[in-house]
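Note that the chains are named A, B, C and D in the order they appear, and that numbering of residues resets to 1 at the start of each chain.
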Amino acid sequence: MEEKNLEKSSNHLIHPDPVLNPESSGDSKFTHEKFVFKPAKIEKITVESPKVKSFYLKANSLDLPLPGQFLMVWLPGAGEVPMSVSDAGGGSIRITVARTGSTTEQIHKLEEKGTLFVRGPFGSNFKLDANSYLLVGGGYGAAPLIYASKVLSRAGKKGVYAVGAEDSSELLFTHEARKHGLEVYVATENGSLGHRGLVTDIMNDFLRRFKFDSILTCGPERMMYKVLRQGLKLGIPVQVSLERYMKCGFGICGSCVLDPIGARVCIDGPVFDGKLLLKTDFGKWKRDPSGMRVRV
Amino acid sequence: MPKLTVKIGSLKFSNPTELASGILCNGALLRRTATEGGAGAVVTKSLTNERREGYPNPTIVGVRAGLINAIGLSNPGYAEFLRHELPLAREGKVCVMVSVAGSDVGEFLRISSAAEDSGADGVELNLSCPHVKKRGLEMGSDPELVHEVVKEVKGALKIPVHAKFGLTDRLTDAALKAEGAGADAIVAINTIKATAIDIHARKPVLSNIYGGLSGPAIHSIAVRCVYELYEILSIPLIGSGGVEDWQTAVEFLLAGARAVQIGSAVAIKELNVFNKVARGIERYLDTCGFKSVEEIVGCAHG
Amino acid sequence: MPKLTVKIGSLKFSNPTELASGILCNGALLRRTATEGGAGAVVTKSLTNERREGYPNPTIVGVRAGLINAIGLSNPGYAEFLRHELPLAREGKVCVMVSVAGSDVGEFLRISSAAEDSGADGVELNLSCPHVKKRGLEMGSDPELVHEVVKEVKGALKIPVHAKFGLTDRLTDAALKAEGAGADAIVAINTIKATAIDIHARKPVLSNIYGGLSGPAIHSIAVRCVYELYEILSIPLIGSGGVEDWQTAVEFLLAGARAVQIGSAVAIKELNVFNKVARGIERYLDTCGFKSVEEIVGCAHG
Amino acid sequence: MEEKNLEKSSNHLIHPDPVLNPESSGDSKFTHEKFVFKPAKIEKITVESPKVKSFYLKANSLDLPLPGQFLMVWLPGAGEVPMSVSDAGGGSIRITVARTGSTTEQIHKLEEKGTLFVRGPFGSNFKLDANSYLLVGGGYGAAPLIYASKVLSRAGKKGVYAVGAEDSSELLFTHEARKHGLEVYVATENGSLGHRGLVTDIMNDFLRRFKFDSILTCGPERMMYKVLRQGLKLGIPVQVSLERYMKCGFGICGSCVLDPIGARVCIDGPVFDGKLLLKTDFGKWKRDPSGMRVRV
């Protein structure tokens, strides 16, 4: 893929349906309205693991997010952070939040009927037009994958859902993936469930046993790097959902840049075609809030 | 076809659209804005001596016909930026202006000199950030200080020096002082200090409370500033504020700007907004029978 | 239902919406704005000693999310206005503030006193018209002069005195001076100096070239000014700039205003925009469990 | 009619068709865009009389004006003035301009292919739902009437077109009125054609001979005042198109006020129901550009 054509080619990843995604054509992607926060009542909270909670948000005034897209989520007084959509439909959007620091800790303290402030959905989405899928998740990276698995299963497609975590209590959405008709494989670092070790260890296993047309992955960058390598070795296209520090979330500030091609993870991504990523610092360098390059 | 290149003093912009400072703030994106977006020149994020993380999120919010940002001049420090980002930016093959946000004459001088040494085509002195204390409007609204900063920097540099102002009562005085001190061009205007309050949260949206308003909302104020400056200055002007399409760009040119910066529109339009604006200007010139951009600069006067 | 009346010092507005100065500039329309439109108070056109025709047309033009006007303070002279228009305006049965645009202390004093004698509920000193020389921003950006004008007028009048400011570098200083001199309330902000150029005519649209920008475009700048002033003043604030609906009104209240003026929205909405905004504020208060407007004034702070 | 309900009642005069007139309901009448001038190429100029020319403007981007509505017409360097629409359709709008002072003199100097800058259409329009019409015009007041006559004739309605002027050379649109199937009567002050005297002199004549359901009038205010009196005496509703000094043209400045009811001629008018006008200063007082009350 020519770097010159990035703008166009990244649009491939955006849902071409103009009803679902009016930004996909024409020269106005957004209006200023889109960058205003909307209050979203928390309808339900589910505890997914000791560190992870899901929040079901009433968000009728937002566009329907596609699997892979994210919201910018603001809790007044606590900060604003990007969060993938882990399910959506019926006027409700689910986000799945791992407690990793100050902002997410405050979010975890919220109760049902509380309010979060959101804008979006932003970013590119998983292309779901192949037939058989391997979904490889690590940690809260399971969030966008489980939404993708729902859409896949509704379209009658088959897949394998492989997740890893430290401990079995932290494995996310295995139940829901089964409900969606996917085969589920797990790996835990402490061996409390499934394979003892990393989810990437068992990947070659499935890759030998099943025939996949497409791999989707989301999780720690080093994990995804391995998934990408293994997938491409077998000639299977891999879609990778990346994470970067985001100030704006809609393509203006540049803080989420993917070097050296200058892709913006918030708008050209977060879902990228894996081949493109091989030409980048993916897996090696990212940037801190000042824009300083730091090791992944 | 009409000629789209413009000369800003000794610099040649390949068309009159310039990426505004602080937008797409690193080398790879600056290059991409030139090669893919079609910008005729680019300006870097404003650099400071030290690395700055900027304010915590939210740092930017939409309002009617505009954005308010309080990014807080986040940058990895000038040395790091000039080393890693400037070379990438220069691959774009258009003029790269390094924006400098000093808090005193010394800081302006140090960063500007380093920028020259690193191959910048010019520097843009940010005398006008409305939401960062000591680096902002206080400076641009003090004509004597403006004079001193511009004079020192000019004295030390061979590359052109642009002075960027915000909206202040003393804009014309300050710009005259900058011209007197040898500035090669004036950029007008930076964002205007503003606040957005979320009526459901009942809190200011930005973590910094105050930010800078940009986008179409400030366009007619910026056009006014350029119009006023054109009446009293002889050096080239660059219009900044609310350019989203060729029409708003042409309005700036007619008011007296030789080039326009595009910032917020990058959030609203595809990256090739620079190309679109340039092509629109070209069509306009052609339809009206002009042979170059320069022919319409300041045309609305007199 | 929550209480919509607000007290601005000794004045009681029947709801927090006030017609802004210069809009619907005569007695019959002021009355109609109250009775039919639902305004909680009204301000007259700014009056001067002598009759003024104002600038020739075009005097007002639309821009993105705003209007630019250079009406030029047209008015039949204060004596004529107070005789013929004020009595009609008072039939509206809401507070009528007489706006005064003097060019020196004497003129402010004469007109204000006459307004009091004619039955005005209060006067609003226009220290801020951006497009009329000597009656405008120069005044509001000179804190000493502000002090003198407010002090003299306050000394001579029993009715409340409001000081209306525009956007200037020295807004907070000037407002502090006005407060110190006894002003009963501060109105912020007037229009912001701007220019629109027609790209087909290649000329400024307004006959005066420069005018004042109003409407949604300036809202977040005005909210910022009110927010800043609320932090340092104790007297009531009235927000002016870009109120078009209850949301923009509530934003002002949360920032610290006790009332909001509505001007440009009269061109965009039906005359009952005042009613609509007031009802919207009422619903908002009710939904959020507040019992009066006063409870949310300045709520976004601290 | 209660003055309290003026806003609502004046809407009666606005065309209720939401397609033709999207402003007629809801709470946004206009957007800021509507107050921006649009260039309008002059396609054709016709000389209607020694003092009056018609300009056919290419104005595809404007809403279709209704009879009675007006445009604000700007000639850069020369000023901006309100002008009634004297015909419209097929992407073209005609205005008919009497040379009365500096601005109109500059407009008269324009040639075909020249450009005027216009905004609008603004204001209320003639209600055309009666069956038989008397149209009484004086001077350039004929402009909105002739557009009304076209719409009437297309709807198969009957009418009489009565115009007056100083001299026969200044009688406007008599030919066009006949083409529209109206009976035409004229009066000239110098007796060069038709009745010698004022058009109001011959009004009683028609009023006796024909049965009218509705009278439309536009012209000098004193003339319209007489028309209104005579019409109402016979119980025939009269619609009057008023003229006032206008700064904005869209209801914000107040310079066009009709005292003491506070109607704005630019937006509640220019076409008013005659009965309402009897409660006003109509025929007696108007306001100069400063807002000073002056005798009509």
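Of note:
Just so it is clear, contacts are C-beta pairs under 8 Å (C-beta built on N, C-alpha and C of every residue); 3 or more make two chains touch, one makes a residue touch a chain.
Keep in mind that what you see is a predicted model, and the values were worked out from it rather than measured.
Touch-path distance (fewest steps) from subunit A to subunit C is 2.
With each centre defined as the average position of its C-alpha atoms, the distance from subunit C to subunit D rounds to 35 Å.
Averaging Cα coordinates per chain places subunit B and subunit C 33 Å apart. Separation between the centroids of subunit B and subunit D, computed from CA atoms only, is 50 Å.
Counting only residues that touch two or more partner chains, subunit B has 63-66, 203.
In subunit D, no residue touches at least two other chains. If each chain is drawn as a node and touching chains are joined, the picture is a simple open line.
By the definition of touch given earlier, these chain pairs are in contact: A-B, B-C, C-D.
The touching residues of subunit C, when paired with subunit D in their complex, are 22-32, 35-36, 45, 51-54, 56-67, 69, 71, 74-77, 80-81, 84, 88, 198, 200-201, 203, 205, 207, 215, 263-264, 266-273, 276. Those residues of subunit B whose C-beta lies close enough to touch subunit C in the complex are 63-66, 68, 137, 141, 167-170, 192-197, 199, 202-204, 209-210, 213, 216-221, 223-224, 227, 242, 247, 250-251, 254-255, 284, 296, 299-300. Those residues of subunit D that touch subunit C in the complex are listed here as 3-7, 27-37, 39, 72, 74, 76-77, 79-81, 115, 117, 119, 246-248, 250-255, 257-262, 264, 287-293.
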